[in-house]
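In the two complexes below, subunit A is the common chain; its partner is subunit B in one and subunit C in the other.
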Partner chain A sequence: LPENQPTPPDGETRSAGDFNMNKAVKLFVSAGLISTLGVGASAQKTMNEDFRKTAPAALAPKSFEIAKPFETTLPNNLKVVIFEDKRLPLVSYRLGFKSGDANDPKDSNGLTSAITALLNEGTKTRTSKQLAEEIERLGASVSASSTDDNTIVSASALSLYSSDVLRLMADVVLNPVFPESELALYKKNTIENIKYQRSQPAFLASEQIARTIYGTHPYGIVSASAADVERITREKLQAFHQKMFTPNNATLIVVGDVNRENILKEIRDAFGGWQKGTVEATKFDTPPVRTATTLTVVDRPGSLQSNIVLANLAIDRSNPDYFPVLVMNQILGAGASSRLFMNLREAKGYTYGAYSRFDTRRLAGNFETNAEVRTPVTGDSLKEFFYELNRVRNERASEKELRDAKSYLTEFSAPRRNAGRFDESARFAATLRFARPIICKRTAIKSTR
Partner chain B sequence: VTLEDVERVAKKYISPDKIAIVIVGEAGEILPQIKTYSNKIEVFDAEGKAVDVATYSNANTGTPANVNGKWNLTIDFQGQQLPVRLMLKQDGGKVSGSLESMMGKGEIADAKVSGNKFNGTAKSQIQGQSVDLVISGTVDGNSMKGTLTIPMRALRRSISPETREVRKLNK
Partner chain C sequence: LQLVSFTDERRGPSGFLIFAIPKPGKDLSKIRETIMTEIKDIATNGPTAEEMQKLHNQLLNDEVRARQSSLSRAQAIAEFALYDGDPALINSELDQLLKVTPAQIKEAVNKYLNTENRVLLDIVPAGKADKKPTTNGN
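So, the complex of A and B:
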């Protein structure tokens, strides 16, 4: 609760009897009354008290620093980053590769994704079932996932099992066998999912917008097709795994209650024998240059809503304008108090929500704004979208909007909100060190100011 | 970050005069509302195949086709011919009624006929799940051709959620 929260006048409500308690507890009691008694006389009075008429002032910004990690590189070029964090008896590992779905061969979309899905479905010495049982016995988790830019293998457990889970993780990373039976099941399920997503308007919109904005650049593809998945074979998985999963393309991040020297020895044992590979610089097509407004409709007969997306190319993740863009987008459409939401939902009632975002990836990025609106107001909604896009370009925002945007971004941004959650801090550290090197040097919070 | 920064990056990275607009929905109803926004309008179906824009300018004009009555349709579902029965009551362009299939019975409310296009949703209960079956067809006298879409998250393990052809046998 904000420190300068005005105190309700004494004797006004039943919760007044709790005045000796601290503010947080007291207000909680009063909120409880409202919900249990319904809108009775006393609750009504509580809601109408004068102090509720003005929003509490924002807190003074707090400083936010990210702990300094220990960093080293093994002889096979595997980068190792260790954050010793003794607050809880837990350990979390992230092994990140700087390649992802965008690196899939042109005729084999979905290969990286299949590798991550099948990584812990069997190794040279453990069957899928044995892996599952061993992970369960340790109360651990081992999983892998990919985005366009990155592939990340994650593992976590009680720090008591730091070395056991690290060895399991190394086994799935280095020795996966992609059993035929598991591959067959994966293909069947994935094809069903691909069919299912075609029934979803949001998927159709994202697919079409990516195609329009990125053309033949790999970001133009949001999903493998059923035919792509059909073509996956065990041999292709093995060859591509061999090629992409190399130590010189990877960073291992350890966060948790570990002893640096001990864990480094364990890491050397587990990953020291991993052979270097060649990391080819991949050449991608350039996204098309846009010269005019284009309009693409995906017909979905029977739809009661129009799913509207407007987009243009913008900035990649390393662009120095990242932070000004973050603040500008907060004013325009990032949240429920941003302009787009206030206009299309609150003022016009066209939609449940209208938003904008900047998708900033390693190779390129785009601006995107969207809403799902009732079909009869599709044209009216477009008009409001263009009104807001032109307004943010042509009229200077107010001091208050700027202040609110900054205070939201600094106080409620994910890293701070989740700072107390253990695995979030691991994830955030991993993101910072690995995927977004630019904000290692100057934290997001500082740069937003 | 200053107010000048905000204005500068808005001008630099948002380009309303070169923006790509994508809208997913009922093309026949959307197109008349948005024609003025671009000289270059393309339409695709849900499978990504290009559709001639002119198709939609014809569909909305003219008197609604007569769909009143009982329809016996078959769906081609993975090579099997499965029967679907439609009972439709028409009032101008508005249609209500029911849909019966091997997956149960569904109520059709707020269905529409624009020109020769019939579009509706049958709210059905399938294995305790509430599911919207979306039917869309093109009427040609006593026959109707089109698709029945089953968007089922809950059932996607057991029934393949695909778009199937609907063909009129007799009325």
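So, the complex of A and C:
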């Protein structure tokens, strides 16, 4: 506590805090001060009352339904999904393409990623600066990103500006010009970032894991190299944008306070003239078949910790075992009360955290457990990892573990927690559209309860 | 360059801070000069109509988004109760902010952002102290 903290005139305790602390943090610190200084003696008493000694019983689960969407397809094959949701005066758009980094041409890694980064850096009628100013003036946001499987352009605003932001979104999707100056800046920044990534142990580990597991399948590449980025040209960006950004490869999702008929008309105006293209099914190499345990060591002199990753090929997103695997992973290592964390951190003190996760993508997926441990306990940590992996394979989980995992996943799952958040609803809806039909997810959430 | 400015809100005297994180090799004095010029511009001319529109849209947008989750609503109500003694302020804060006029902004900048009366800190990597400005340098 700083000694020279001025006492506010009304005598209440107030944290000086760091100047960049937000109100929420200040509030937390203030609450702490009240009890340590003994100012809140009555608060202390309340804290010790009998009824606080046992946790209250959980409330009965509430039913959780995603609003039914309206779906249609424009003559150019653009799929449109509208969730009319009038709770708040907001609107979110997601335009998703069923192609991503994995579809980069073999000699042009990083092309999709560059397209998304440069999409709102200039169109046929708006400069980068004009776009930024228009978006800011509306208090809106327009951005694009890609994963291995998908490319998603997102936009959101007050519903008052539904049309304005939709038109801006359509402009960056249909008319980007990828100016040379912006491309040069992108290359410079991206190459700097790649250099930085290569200094990070977690990146080096993920690079090796991807290579080992996926081989020459495109999932084997976690990042473009500096040389790949150097090779990107404006012509390549334009040609690839032309090829991949086609309406028959896309779904537009609208969530928010919109009128269905009006917004549909605006969508037809904005995207109706978008010409169909040909979507070629890309042929990918098959990930290698693994028959024995292998070990890869990345020597990084001077490291104080070992970054341990155990991984293997697992399931893709449409595998029928998806939900059982999710529950199993909750027990094994998804969270801070899962077995790996309880063992390696809580019982042994080897690490700040040990986790496992399933990365389930469209074409394949993998399983990973990882922890950053103190270097001298690297071997001991491996032993515990193998112990937990064998235990979850060979022994039945207890009823309590199973119940807790299911209740965590169903009652505290991301979609449920974020049901009130528009951007999250839109993102979630987008994920589901690409992953599997919504109805299937609903049933699964109910039946695992 | 990364540039942010904010008020350090307190019940007692508060600070107004501007941070700039330049990319390596950028001229620090030029960045300082630009910041001072912008402050003097608002002090002389006040914000433009377009800037006011942008401000209103962003205030509205931020406020509505902050109401999306029950946790952030509870937090806001608790903060108003703790700091201001009136949880109901959550219902009127936005109106208060939207009521602010360009003239009031100009007046406040004149009153509080006196560029002659400021503390200037250049934080540079060790061994590069020669890049330090003189205390009166803009």
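What we mean here is this: the second predicted complex is superposed on the first by the 378 of 449 C-alpha atoms of A that agree within 3 Å, B and C clash if a C-alpha of one lies under 4 Å from a C-alpha of the other, contacts with A are read in each partner's own complex, and residues count from 1 in each chain.
Everything below uses one rule, namely that a residue touches a chain if its C-beta (ideal position, glycine included) is under 8 Å from a C-beta of that chain, and two chains touch if they have at least 3 such contacts.
Here the structure is a predicted model, which means the values were calculated and not measured.
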Q: Tell me which partner A:Phe97 touches in the superposition: subunit B (first), subunit C (second), both or neither.
A: neither
Q.
Tell me the contact category for A:Phe245 with respect to subunit B and subunit C: first, second, both or neither.
A. neither
Q. Looking at subunit A, does subunit C or subunit B touch more of its residues?
A. B
Q: Give one of first, second, both or neither to describe whether A:Pro89 is in contact with subunit B, with subunit C, with both, or with none.
A: second
Q. Looking at the overlay, does A:Gly139 come into contact with subunit B only (first), subunit C only (second), both, or neither?
A. second
Q) For A:Leu158, is the partner it touches subunit B (first), subunit C (second), both, or none of the two (neither)? A) second
Q | Residues of subunit B touching subunit A in the complex | A | 1-31, 33-34, 37-48, 51, 56, 117, 119-121, 134-136, 146-147, 149-153, 156-157, 160-162
Q) Taking the complex as given, what residues does subunit A use to touch subunit B? A) 192-193, 195-196, 198-202, 204-205, 207-209, 212-213, 290-312, 314-315, 321, 323-325, 327-328, 331-332, 358, 367, 375-376, 378-380, 382, 386, 389-390, 392-393, 396-397, 399, 402, 406, 448-449
Q.
Give the list of subunit A residues in touch with subunit C in this complex.
A. 6, 8, 14, 19-20, 23-24, 27, 30, 88-90, 136-140, 157-158, 161, 418, 420-422
(Q) Could you list, by residue number, the parts of subunit C that touch subunit A in their complex? (A) 6, 8-12, 15, 17, 50, 53-54, 57-62, 64-65, 67-70, 75, 78-79, 82
